[in-house]
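Note that chain A is present in both complexes that follow, paired respectively with chain B and with chain C.
Showing the complex of A and B:
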């Protein structure tokens, strides 16, 4: 009786959250699937018309933009996640050393995480500026370049330039999580290994790495999901340009939906993004399991 | 025995001496690496601050200087007086604060139920929350836009408020659950024996103890709503309703090449969250590690 009463109380407590999440996340999710097989045209008397898988075949077969944007999205995701992971691990290893002021450095290294995306994008745009950008100014003062580098306007450089910004924004969360994992490595293990004559490289490979492997897998997977769907940084820095050099699926979808008014097609791109993300996650976790066994 | 110990003793006599040198060298290395890393990583933030405090003549000069030659707050004043920035600021604050309050209020009950009460579907609901939290929000932008359009609520703060509340809920529940679980169960049992109802126990005993947790999730939720860009961009069309992120982004077209205004605006958006973060850093780090990612 008491158990039943407690359970009823529990349902009452989770009810409001359930209503909000159902109405504003789960139902729209299904709605997205439905929209992706419809043609949305508000000018017609029947604004929605069933078109079957037409949008999907358009994305996968006719529209070259889709595959090239997918390719760029993968470059962007892998580039920023690998870069951010290396930077985060390097900084976490540094801050994990028992020294004065490590808490201070830990706080400093987290700062980019709180800087709003819009500020991040605009301040990097200012750093990258060709005429009055500080980056070009420094390189010129050092005599490394003669004419300004067009960081964001040169199609060959635009992708690496936006990836650098994403690395800057992405690494702090990875850093703090890796640092926590590093602090769980028992000190005795390192001491014992040192006595046994292991050098620091061996200690890192055989003691530290196994301890942070699980955390690394989870955090890189999460970071991949975040980067894959990221819209703000690219939209604000290059808008997908120059000449489509940084056009990723997120900006393609936005463009189709809100400039081209092709809601149905954009929704199909969204669903395909979700499929790709699921495939990546499954492949990733599978590879991790195989490697572990 | 004594023979075996001898080499060890001999070693111990030598090692500490060279050890101190090695240690000093090692520390020097570590600190210089830390210094380089800090300089490189914080430079963009420094440059934003420095640029925003320079008169515009110094921003667009042949020779750029690291620090302003003439320190000035005129860029901030210009943004605040000559643009709609105060309206954007207020809009951002309103939407972020209301959605945060609402989502924390809803989330704390759900989190407590999941943390403490046995019920059918408890595990499943936790899983649903975890998945919705990881779910890429950009995929919701089209269906939510259409939904809001059908309800004729486009171009309103209420639409943004709904979206932000929904987005922060899963995360907030998930985080708070961790904080509630850390509170000893004996406290509730004692209160229950004394005849307090479950709701009273929760309000009078658990909530006050979960103060740091509530502070952390409030921060998180607020910062996320404050920074949010995409949904504000899609939902809002009239300038009077813009939040700061899209207001600032619109400066790019409205005031082309006015980097003095843009940097000061970026400073105004960034400063509150930066201060909040520095004040609450300990809780935030705890929260990040506690519920958010480890699950």
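Showing the complex of A and C:
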């Protein structure tokens, strides 16, 4: 009886937050779904005209831009997350060692996370500049290049360049989560393995990695979702160029919604992005569960 | 009993007060009984322009104490999302000044108040005759009504280094052939000087310079009846213009190697630092030179609008007559128009032009010969050489809301970018851009 009363009280306490969160997530989602089946071409009369699945059909069948942007989005996401994870894990392993100044390094590696996205884009635009960029200046001073590298102006280099920026932005949060996971690995296991003759590579592969696998799955899934939806970095650095080399779904959606006044089509792209994300998440978690079992 | 009636009195007073405030707010009248207006600004938001605007608005308040105007800046980069979200949320400002084709774009969404009465007033009192070009106001004419009124002009000159040309014994070029030859002759990698610099990134500004060359080649986007001719009747001229512009980077290699990533400021910076013979820029380059590199001022000139293959009749240059407009559902439309009529008068906006020399230009002939212009050589050159030849990308047509989307979606900036990076030939780039525009016009 007391338990039931406490449970009721608990539900009552969390109810206001649940209502707000539901309203803030469900209502925009439903609104987006409704918009995606209406014309919502704001440059034409009767924007609320029902069009059924016309926008979806346009995205999936007629619009080459959609599929090429989806491909680039996947490259962007995988590149950013894998790169950030490797860097974060490497730094977490280093900082996990009991060295002097550990706290200082921990704070230092978190810095990119606190820099706002707009400042990040501006900063890297200057770093990458052909005429004024410090990267080209350093490479030229070292004799490694004769002429500036066109980090953001060469279609072949633009995507790796913006991925590098996203790695820089993303790794701190992965670093702090992985560091916490590493600090929960029992030291006795490492000591026992050392006594048994295991080297550092074997201890990492057979003790450390299995222990942090669960955390790794969660943080890489979250990072994938964030990267997949990311808009600011690419929009500010390249605008989706050069020649569409960095045009991802988020920039395509923005372009269609706000520059083209095609809110309905943009909403359909948004819904399709959600579907892709859901499929990726389900596949990911399913693969993790199978492996765990 | 007494306590209850006190409670009722207090409660009913609060309710009446709230209801009163609400009704005041919904009718555009504030608590002081003034008509409240919200004014969104897009191109007047730098610190200098903002200060100058404040003084102008203060003058308006003094002259019109019954109207309270609140100015809200909107970032240029966010102008489309902000306005589109406001349209959807029905929270547009009473008045706004924004980009060139916004009034027509929003008129197509049935959000604009017609401005025929202001145009009629201007016609009767001679204001229209005092405007540089009839295109300035006719461009806002669509489906039988005017949806915006012009208030200032934005130009796109080509700046040049007099000293670098003189050192090579070259006169300032007057046509395409001379321009190309001068850029090639003065390009000097050993001193780090580029023949020319222009923004060719996937940003809006890139299409503005292409537009100038399109007109000079005898091309364009629309014919005089507003039909799309970009990839049809005007195709050859447009391809020729695109080839000429992009050859500076791809064939003659007289531009910085990274221009395919350049936005407005990147090109400006290189020229203001004194590292290019020719710089394609906005009028803002003048105030940047004065502020950042005043020693360069005497060495810089503004080219005459070039003559291209289209001949003297097509000596035209890109530029934008920028509008002010009123929201259809504003509860204070009359007050909004009172403000606009007061704001757009000869001489009224002089503080803005003084605050950022060259960045904005008046639309009235009587304003142009001011001491401010006469006392600044570059302003005077722009006035004489560029302003009279300025038109924008619907020319020779007026009134197509689609131009807002063509500009917004950068439909003819993409060709510049694609050709410079080498992913398309000029012909393919023009035809692909035409296909996108045609789809827009077909729906």
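The working rule: the second predicted complex is superposed on the first by the 262 of 293 C-alpha atoms of A that agree within 3 Å, B and C clash if a C-alpha of one lies under 4 Å from a C-alpha of the other, contacts with A are read in each partner's own complex, and residues count from 1 in each chain.
Just so it is clear, contacts are C-beta pairs under 8 Å (C-beta built on N, C-alpha and C of every residue); 3 or more make two chains touch, one makes a residue touch a chain.
What you are looking at is a predicted structure, and each value in this text was computed from that prediction instead of being measured.
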Combined model on chain A: chain C and chain B, fit or clash: clash
Which superposed partner A:258 touches (first chain B, second chain C, both, neither): both
First, second, both or neither for A:21, with chain B first and chain C second: first
First (chain B), second (chain C), both or neither touched by A:240: second
Partner chain in contact with A:32 - chain B first, chain C second, else both or neither: first
Superposition-derived comparison: chain B or chain C, residues of chain A touched: B
First, second, both or neither for A:124, with chain B first and chain C second: first
Touched partner set for A:152, first chain B, second chain C, both or neither: second
Superposed model, chain B segment overlapping chain C, candidates 112-120, 238-246 or 274-282: 238-246
Chain B and chain C footprints on chain A, overlapping residues: 129, 132, 254, 257-258, 263
Residues of chain B that touch chain A when the two form their complex: 27, 30-31, 33-34, 37-38, 41-42, 44-45, 47-48, 51, 59-61, 64, 106-107, 109-110, 112-114, 117-120, 122, 125, 128-129, 132, 134-147, 162-163, 165-166, 169-170, 173, 198-199, 223, 226-227, 229-230, 234, 244-246, 248-249, 252, 259, 262-263, 266-267, 269-270, 273-274, 276-278, 281, 285, 288-289, 293
Chain C residues touching chain A - in the complex, by the definition given at the top: 80-81, 84, 87-88, 105, 108-110, 201-203, 256-263, 266, 269-270, 275, 401-402, 404-405, 408-410, 414, 417-418, 420-421, 423-424, 443
Parts of chain A lying in touch with chain C, wherever the complex brings them together: 41-45, 47, 129-132, 147-148, 150, 152-155, 158, 238-245, 254-255, 257-261, 263
Contact set on chain A toward chain B in their complex: 3, 6-7, 9-11, 13-14, 16-18, 20-21, 23-26, 28-29, 31-32, 35, 40, 90-91, 94-95, 97, 99, 105-112, 114-120, 122-124, 126-127, 129, 132, 134, 137, 168, 173, 176-177, 180, 218-219, 222, 225, 228-229, 231-232, 236, 250, 253-254, 257-258, 263, 266-267, 270-271, 273-274, 277
